[in-house]
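Below are two complexes that have chain A in common, paired first with chain B and then with chain C.
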Partner chain A sequence: MAYEVVIGLEVHTELKTKSKIFCGCSTTFGASQNTNVCPVCLGLPGVLPVFNAKVLEFAVRTGLALNCEILPFSKFDRKNYYYPDLPKNFQTSQYDLPIAVNGHLDIEVNGETRRIGITRVHMEEDAGKLVHAGSVTKSDYALVDYNRTGVPLLEIVSEPDIRSEEEAKAYLEKIKAILQYVDVSDCKMEEGSLRCDANISLRPEGATKFGTKSELKNLNSFKAVQKGLEYETLRQTDILEDGGKVIQETRSWDDAKGVTLTMRNKEQAEDYRYFPEPDLVPIVVDPVWVEEVRKNLPELPEARKARLMNDYGLSSYDAEMITTSRAMADYYDAAVAAGADAKLAANWLMGEVSRSLNNAAQSIESCPVTPEKLAGLIALIAKGTISGKIAKTVLEGMWSSGKDAAAIVQEEGLVQISNEGEIIAIVERILAANPQSVADFKAGKEKAIGFLVGQVMKETKGRANPEVVNKLLRERM
Partner chain B sequence: MKVTRKDVETVAVLSRLEMDEAAMDKFTGQFNAILDYVDMLSKVDTEGVEPTAHVLNLKNVMRTDEVKPSLSRDQALSNAPEQEDGYFKVPKIIDN
Partner chain C sequence: MELYKLTAHELQQKLQTKEVTAVEVAEAVYNRIDAVENKVQAFISLTKDRALEQARRVDEKIKTNTALSPLAGIPGALKDNICVQGTKTTCASQILENFVPPYDATVTEKLVDADTVVVGKANMDEFAMGSSTENSAFKVSRNPWDTDTVPGGSSGGSAAAVASGEAIWALGSDTGGSIRLPAAYCGVVGLKPTYGRVSRYGLVAYASSLDQIGPITRDVTDCALVMNAIAGYDHRDSTSINTPVPDYTKSLVKDIGGLKIGLPKEYFVAGMDPEVEKAVYAAIEQLKALGADYKEVSMPHTEYALATYYMVATAEASSNLSRYVGVGFGHRGQGDDLISMATKTRTEGFGDEVRRRIMLGNYALSSGYYDAYYLKALKVRTLIKRDFDKAFEDVDVLVAPIAPTTAFKIGEKVNDPLAMYLQDVCTVPVNLAGVPAISLPCGFKGHLPIGLQIIGKPLGETTVLQAAYAFEQSNDYHKRLAPLGGE
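So, the complex of A and B:
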């Protein structure tokens, strides 16, 4: 029987506020253990939390960017569970009245656009970090760092509208792009500022009732999300095809082994006993303010992609690649604003610049070549002052020295030679030295000319204009 | 609402509390007594009264996003029963 995969994702993102959600401790990542803590986030008796206004602004901004409705009346609740990463024995979260509900976002997979519903967006506090001496199962104690406790989080819950691991990845990438565009989170999966859990079930194709789901945890990278869902799809398919039943349970993705393992089943499932947080008063948002936040939203990825396609004639693929990251799109716009040819700028950004960034393990934000300097390089290519090949060498020079393209071209004498007079002598010498290739070409072997062009380029250290060389060679054979 | 012994057992497990039979019986009785007492509230006529999420008539109490000094690590750890390398040290967590 053919099965349909049904997936819903819960994404947690840490907000980039300066201070925590309910106290003034710093949210800086990587601080020395237990140095960003105070009586409030340590849950000492008698303390009172006070809500950080910036968290509300970030939550509303995110909710609007995800096409949600902002609830005019919202409140915090206590989610009770006992685990040492939570010093209070409850997490302050939102239960029945989250800040934003009923949104959606569109994803594109294999050329097809699909709309994924967003059930809700709610605000909560992050938990601390456990450090295990040895392995989780063998160690007889754990060490706790509460620096992360109280860092503001948004949880974004999707409808079960996702139908494959590719769609899950596309959804997650879109969420990440939007969070970066509205500038509320760094979205660094490797630092845990973007995390993802997945609910996944199968049902016979055409069925309307959902099958029994499992909840996947520990999906710590885009690859893990895709591989974990792929594994779980196969595992559940095998069970159903053998006539078995999927058990509702929480499973953990083991990245090293490439499998999912049972964490807890339904009987052991947590009962969180939510109740309204008596230490925090309700949040009532002014609709006028919400409209103001909406008006001040930056251009979002989809609008920006459309603009790059319309204004600069970029292909859908190129525009998508550039706008997936806001920093990349900002860099691109700045290069074009500095006079770069729009298509050359797209090619260079996605080609050589991205390659160099990858090799140096750097992000576009810390690119040593500024957009203005890249525009300078592209202007030299567009004018024919240097060839594309030489431009790669120039870019390397710009990367290490920080100099302008023009200065490097000048200093190293890299100007392209297009003047026929300067090339003729070399062309004639090469022809004389390679009679066999000349004979081959005359005998109809087109390929032989490539070798001859190469020889001239070698002689001129790559500076000869290849089109001119080609023309001169043909004229003389 | 009647609290059963089973409910008390469940809450004890969720709260990581270990208790003997006598304590279990005692708490079942006390839980019921407390709930019976609070149940008096259901006698109040709430016709036309809006549900509330908070007993105080306050809303939107917030602070600006500013970093304030934290405790020193020594202060933070001063009440910890056990500590190691600047961390709180806690018993083994996963027991299955």
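So, the complex of A and C:
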């Protein structure tokens, strides 16, 4: 039987507010253990939380960007469970009245656009981190680092509208892009600032009733999400095809082994005993303020992609690639604003610049070549001052020295030679030295000219204008 | 006259006229503590060094004629669930036996700013859960009027200290009557302010939506003085009310002509001691004689208040107390793993009543029971609030008993939690509605004091204090001293 996969995702993202959600402690990542703490986030007896208004603004911005309805009256609730990284043994979260509901976003997979519903967006506090001596199972004790305790989180819950692991990946990429665009999160999965749980079930194709789901945890990268879902799809398919029943349970993805393993079943599921947080007052949102936030939202990925296609004539693929990351898109716009040819800028950004970033394991934000400097390089190419090939060498120089392209070209004498007079002598020498290639060309072997051009370029250390060389070679054969 | 027998406003006079020094006052109180504390058992800890240092600072200021607050140099006690930086705050629980808060409660800060002298931390029922102070892990406080009876609870240590001269004033906390009941049993004045009038920051939580700190004093004037010192908005407590604080001493006028008082007939429950009932009716007659207009009002949901209270309060408590697992602070039980460590910590650290309420609360919040218990209780709470709103359309204050009986014998109700809970039947509706209420003496049954409750509108402390002051000034109950030590 053919089965349809039904997936819903819960994304947790840490907000990049300066201070924590209920106290004034810093949210800086990587501080030494237990330094960003105070009586409030340590949950000492007698303390009370005070809600950070910046978190509300970030949540509303996110809700609006995800096409949600912002609830005029929402509240915090306590989610009660015991865990040593949670100093109060309850997490202040939102239960039945979250800040934003009923949104959606569109994803594109294999050229097809699909709309994924967003059930809700809610605010909550993060927990601390357990540090074990050695491995978790062999360690005699655990230490707790409370620095992360109380860092603000948004939980974004999708409808079960996702139908494949590819769609799940596209959805996550889109969420990440939007969070970065509205500037509320760094979305660094490796630092845990973006986390994902997945609910997945199967049903016979055409059925309307949902099958029994499993909840996947510990999906720590986009790749893990994709692989975990892939594995779980196969596992559930096998069970159903053998005539078995999927059990409702929480499963953990083991990245090393590439399998999901039972964490707890339905009977062992926690009863969180939610109830309204009595130490905080309900959140009443002024609709006028919401409209103000909406007006001040930055251009979102879809709008930006459309603008790049319309204004600069970029292909859908190129525009998509550039706008997936806000930082990349900002870099691109800045380069174009600095006078770079739009198409060349797109090629260079997605080509050489991205390659160099990957090699150096750097992000576009810390790219040593500024958009203005890249525009300078592109201008030299566009004017024909240097060849594309030389430009790659120049970019390397810019990367390491931070100098302008023009300065490097000047210093190293890399200006392209387009003057026929300067090239003719070399062309003739090469023709004389390679009679076989000339003969081949004359016999109709078009490829032979490539070799000859290469020889001339070698002779001129790449500075000769390849078009001029080509033309001269043909004239003389 | 012994200094410890005086009220704060009387001592203030003597300090200002330089008749006595703050150090002399503090020493007089500590001498009294040395003399009677073995009988009263009001304190969990004393902070004498710090107190004398505070007193010396006040004397310096008096010498240099620095302007002083009315409570400057006046010794008082803090219930041991109010945090004082660097001083043990135990909540009368083994689990916090050695907990030293690294911060001050907002009220502590305010009282230090007002140059008061804190003599010590008063005994209480563990985590403020109880009506007799017998639930303290450390000691049973005694009623200074009869040391075989309880002082009431949960702020029993605070009330006993004030009634016995071991403190001039005290702070208690009131979640379901914990200031008013011991004030009534010990024959002193206790005010539970409007929810949000006094910051809860630094008060170790029992039930967050009901807890409120308030004064316990010898008379209504001192009550107003302490309120002036502790009331006010606090940005660290999101539930605190951001409106200006009136000068409560302005309410200390004897004229209550035209004041509309109401008696909620439902407060005279079955089991009400006839002598208590008689004293309350006599008080109403007295208020009428002073010019008040009287009418009987009906508050039909009163009978559900106690049940509602025990759902809401225990639910919140189950969550508030879940932090005590021996990880970051407090007692730690030795276990082989996380669960056994937490279980041991809590079994060793919590007393029976605390465990009972944690279990009740968890049960009320459990899936499958939430709607029937917790949610239903929230709905009834709204109805009880509406009873008050409706009553206050017709009257300015409500007058009622504090408890069905006077102080009972130590040990009498310890094995009967329901009988113990019934002591709160007249006080819990006030906490559920969040309104202010005072307890003050209105007579005696034999040698034991009877308390009168005057309940006001939200932020109606001024009217409550005015009615209380007029009543107090028309009798001499507040001038009688507990016979402790045979005076």
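Methods note: the second predicted complex is superposed on the first by the 475 of 477 C-alpha atoms of A that agree within 3 Å, B and C clash if a C-alpha of one lies under 4 Å from a C-alpha of the other, contacts with A are read in each partner's own complex, and residues count from 1 in each chain.
In this section, contacts are C-beta pairs under 8 Å (C-beta built on N, C-alpha and C of every residue); 3 or more make two chains touch, one makes a residue touch a chain.
Predicted model only: the values in this text are computed from it and were never measured.
Touch criterion met: A:75 reaches chain B, while chain C stays clear of it. Of the two partner chains placed around the shared chain by superposition, chain B and chain C are both touched by A:144. In the superposition on chain A, A:375 makes contact with neither chain B nor chain C. In the superposed model, A:275 makes contact with chain C only, not with chain B. In the superposition on chain A, contact is made by A:42 with both chain B and chain C. After overlaying the two complexes on the shared chain, residue contacts for A:32 are found with chain B alone; chain C is out of touch. In the superposition on chain A, contact of A:284 is made with chain B only, not with chain C. Of the two partner chains placed around the shared chain by superposition, neither chain B nor chain C is touched by A:344. Greater residue coverage of chain A by touch, when chain B is weighed against chain C, goes to B.
In the superposed model, A:88 lies in contact with chain C only, and not with chain B. Chain A uses residues 39, 42, 44, 50-51, 80, 82, 84, 144, 146, 271, 273, 278, 280-281 to touch chain B in one structure and chain C in the other. Here chain A touches chain C in the complex through residues 39, 42-51, 78, 80, 82, 84, 87-90, 144, 146, 271, 273-275, 278-281, going by the rule given at the top.
By the touch rule above, chain A contacts chain B in their complex via residues 17-19, 23-26, 32-39, 42, 44, 50-56, 75, 80-84, 97, 130-131, 136-137, 139-146, 270-271, 273, 276, 278, 280-284. Within the complex formed with chain A, the residues of chain B that make contact are 10, 14-16, 53-56, 58-73, 76-77, 79, 82, 84-94.
Per the touch definition, chain C reaches chain A in the complex via residues 81-83, 89, 91, 96, 99, 101-103, 105, 200-205, 207-209, 235-239, 315-316, 318-319, 322-323, 325, 327-330, 338, 342, 362, 365-367, 370, 374.
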